[in-house]
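The following blocks contain the structures, represented as structure tokens.
One chain, chain A, appears in both complexes that follow, with chain B as partner in the first and chain C in the second.
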Partner chain A sequence: MTIQFNDETFRDDYSYHNSPAAIRRFPFPFDKDDYMYAVNMEPHGSGRAGSPFENRFDVDEHYVAEMRDREITLKEDPLRCQSLPHMELAGWDLLELIMEAKSEDYPELFSLHRDGDRWHWINRPLGIDHKFTFLDPTTLPYGPMEYITRQAQGDFAVLDQRDGNLWMEAGMVTSQADWSLDFDIGMNFFEWHAPVPLAHEMGIFQRALKFLLAIQQDAPSRRLNWTMTVNPRLDTSPENYHKWGPEKRTLTPENTGEKQYLRVELQTFFRLPRSNGLAFPIRCYLISLQDLVTVPKWGRRLHRVIRDLPDELAEYKGFTVNRPLIVEYLSRFDDGKPTSPGIFPDE
Partner chain B sequence: MSAQMLRVTEIEALSPLVKRFRFEHPGGKKLPLFSGGAHVVVEMPDGDLLRRNAYSLISDPQDGSGYEIAVRREDGGRGGSRFMHSNVGQGDTLRISTPLNLFSLDARARKHVLIAGGIGITPIIAQMRQLLRMQDRFEIHYAARLRSEAAGLRLLPRLPHIHSHISDEGDRMDLGAILDRQPIGTHVYTCGPEGLITAVAQCAARLGWPRGSLHSEVFLAPPPGRAFEVTLAKSGRTVTVGPHQSLLEALEEAQVEIDWSCRGGACGRCETDVVSCHGRIEHNDHWLSEDEHSSQTKIMPCVSRFRGRELIIDR
Partner chain C sequence: MPATKFTPSIISRPIYGGLTPHGTVPALMLASGPGGEALLDLIAADPAVLPHATVIYIPEGSDLGPRLEAQGPASYVEAASYASILPRFRKLLAEAPMNTRLYLAGTEGLIGQATAEALAAGMLLEAIEAEHRGSLARRMQCVHCKGITEDVTTDPFTCSHCGLSLFVRDHYSRRYAAFQGVCVDAETPGEVPPKQEIKA
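Let's turn to the complex of A and B:
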């Protein structure tokens, strides 16, 4: 498989775009015409061929541009990447997991050669060719987690597991939907989820935590989450709200299809062997509404979901102001016909 | 739960009652690494019954060439350990799960104090191997009744910070002395009979230790219960749980879909709602809260039992 990497930006002129193939394989998150929070975990690692669920870590046409965007964000705000001292072993676990998965799943892009603790890593798209000693941080230019997550799309939270809870004690977070690693670091599963409406009362977090604590190696799982973002911006952080918050007000009936994006997070859960920690990659996918409606099923369904979404969810996700415009735009693509079950486009 | 067939490559008697088993991949494949304190579930096909017991790994967590466990023969138990002792030979293959850790080291600790009673030494052996490799500060206190029964002595290296206490020789473990002189930031891990874990908790409380610094794993070997009956709300069927069987095993035998992981009352995966209960649930788990126990609205089928007239569960 050869991937043509896009030359594109996620800020300023927003030249981000999806190829027709990227549109077809977009991880549309709704399997029916309405949406409510649920304990929506499923096994991960061998999904439908060609889909973002096929491999443990999906690499797509946005890879190189996303890594460039991460570098800019980190330069402006180094606190987007943090690892408490006791999380270093988990960082090595994560490095091994990503290197193994990428070199096995994309051998023409990545290779890993191991001779005991002497490792040789080649990342062709980013032009990296590096020999280092596993578990010896002095042989890497950054800590192990930072090193590997500068080469992997999506945000990463690395959780320590103890006292029957998960603790967010390391992470690389530059493409988040309005939450902050610097604020959440050191919190446990219930604490960092405190702002989420309705789900606590529904018992979702309590059950989800039980499930996560028992996740085994070799048995990763995943869930999808979503929100709406104006402009294809990865860094929608609270730290930079002053930059992207006002852009919500630039939406008009004329530009909604082009400027309004559905933002989908493919969240995966991996048990880490040496540290017994949990890795939580959060991969962000963006699609403009005008591209999304080229798949008729998705246009119909998204209209119904957004139209009928409980107000608390729209408010929490931050698109209450633009909801009427979005519904009005999408209604043009909903002819009222029934939709087929599942998330994939009809053939 | 993911698992693979592994071959028994070594069996060694560590004491009259305890045997060490080593498992390797038949094709020589590397096994997933793990962290100190992890266990595996061993499946034992015993006639019509599939027994599944959880055993702590005692081998080096960073060594993927094989897994080792130590099994104490429990003649009063449910039979899994007897099966391992009498029916399993070198060269046999058994299905072994991927390791799972519910008793891991706290990476924040400045020092680790590991306390084991009897066969509770097993998870602590792997924790020790991990600590030795990471060059962390630790000490071990291992208590056994008789030297001849103390299988752990064969597994512990002779080091100044590893102490054995054989009570029959007048050397009783003095918890007060152990816990009193530890530096701030020390974490304590206890594995053994419930009485030992309670004693450590009480002693630590008396000395003003923060609760978050105490970790424990009780090795639940539920006593062979009496047979009992359970009615399944979804199908209306009634399932009989034999005296040497867990409710989880009985449900599996009846082909009832049920999730599980630890099979030891700790992970929460098998949690089942109780629809109605006329009698008393014998809660043997460490998962449900005290309120959930006393209200009798939930049961953990992997370890808990029932005595009384009628139990209907939501399965």
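Let's turn to the complex of A and C:
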């Protein structure tokens, strides 16, 4: 399998695009015609062939462009990558996990040779060929977490586990749906979820935490989350909200299909062996509504989900103002027919 | 002034349990303004806290200082501001013996900053008691420029560093001892809603 990497942007002229194959494999997050919060965890790492769930870390046609976008964001705001001093070991754990997984799952793109603690890492898409000493930070140009997450799609939160809780104490966050690593770093699981409506009262976080504390080595889990974003922008950070906010008001009946994107987060959870921390990658996938409706099941279903979503959720996800335009656009692709169970397109 | 009651809606906001005496163990007491009353209540509840207590009081216009000093703690000092006393407070934390109790009383900004200092010095959260007294003003961090604006009493307010109009998000960071301020007119520049007084 060879991947043709797109030359595309996630800002300014927004030349981001999905190939027909990328549309078909998009991680559509709704398994039925309505949506409410749920813990919705599944085992991760051996999903349907060709889907984003097939491998531990999905590498797709957007890889190179996403890494370029991360570099731009970090240059403007280095606080998007932070690690509290006690988290360095967890950073090495994460580096090992990603290097092992990528070299095993994509041997034509990535290679890892190990001779004791002398490691040789080759990342062909990004042109990196690097020999370093495992657990010796002076042999890397960045800290271990920053080094490897500059080469891996999606945001990464690294959580420490103690006192029966999870603490967000390191992270690389440049493609977030409106939360700030700099503000949240050091918080426990309940504190960093504080702004989420309804879910606390539903007991969602208590159940989710219980599940996450018990995750074992080599048994990762995943869930999907979603929101709506105008323009294919990865950096929808609160830090830059005053810069991208005006774009949210540029939607019209004529451009909704082209400019409105469904934003899906593939959230995965891996136990880290040395630190007993938890790696929490949050991978962002974007699809325009006009591409999404080329799968008839998805067009019908997304219309029903957005139309019937509780107001608090639309408010929290930040698309209340655009909801009427989105529903109007999607209604044209909903003929009222029943939809099949599950998230995948009908054959 | 009685202890402030908060609405329970903000999950990341610390809960200030009030000051409960822990007897004769070494004690650091730090209070500002009406927070001095909380210390007087604590001492009245159990005078045994006094012999090993170091008291720092920031009057902020309040006249409780002489009464606090007259209680006869091991040491007493009045400070012009939290910022001015911070070097001494840090030294006291660094030199505090095992099982020292920290008693904090005053505004949320004072409690939050002093708590962050104590945690950074290695004190356990369980060893810190806090009681909110006085102003409901909040300490706010601008999520855009990262500057802190003290004593915010309205929502929205103007960031004292970058000048953006910010709304008060119900999200609190212990590390910054601050709530999060987010641009209120990001999507519609110039459309700033009227200011409301912060009531909880």
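Observations on the model:
Heads up, the rule we're going with is that the second predicted complex is superposed on the first by the 347 of 347 C-alpha atoms of A that agree within 3 Å, B and C clash if a C-alpha of one lies under 4 Å from a C-alpha of the other, contacts with A are read in each partner's own complex, and residues count from 1 in each chain.
Please note the rule applied: contacts are C-beta pairs under 8 Å (C-beta built on N, C-alpha and C of every residue); 3 or more make two chains touch, one makes a residue touch a chain.
These numbers were taken from a predicted model, which means no experiment stands behind them.
More chain A residues lie in contact with C than with the other chain of the pair chain B and chain C.
By the touch criterion defined above, A:His200 lies against chain C but remains apart from chain B after alignment on the C-alpha atoms of chain A. In the superposition on chain A, contact is made by A:Pro273 with chain B only, not with chain C. Using the contact criterion defined above for the overlaid structures, shared-chain residue A:Phe190 touches chain C, although it does not reach chain B. Of the two partner chains placed by the overlay, neither chain B nor chain C lies in contact with A:Asp60. In the superposition on chain A, A:Gln217 makes contact with chain B only, while chain C stays out of contact range. By the document's definition of touching, of the two partners only chain C reaches A:His242; chain B does not. The touching residues of chain C, when paired with chain A in their complex, are 10-13, 141, 143-144, 146, 164, 169-176, 180, 182-183, 186-189. For chain A in complex with chain C, the residues that touch the partner chain are 79, 180, 182-187, 190-195, 200, 238-242, 245-246, 248-249, 321. Partner chain A is touched in their complex by these residues of chain B: 1-2, 32-35, 37-38, 61-62, 97-102, 104, 106-108, 134, 212, 215, 261-262, 267-269, 271. The touching residues of chain A, when paired with chain B in their complex, are 86-87, 89, 160-163, 210-211, 213-214, 216-219, 273-276.
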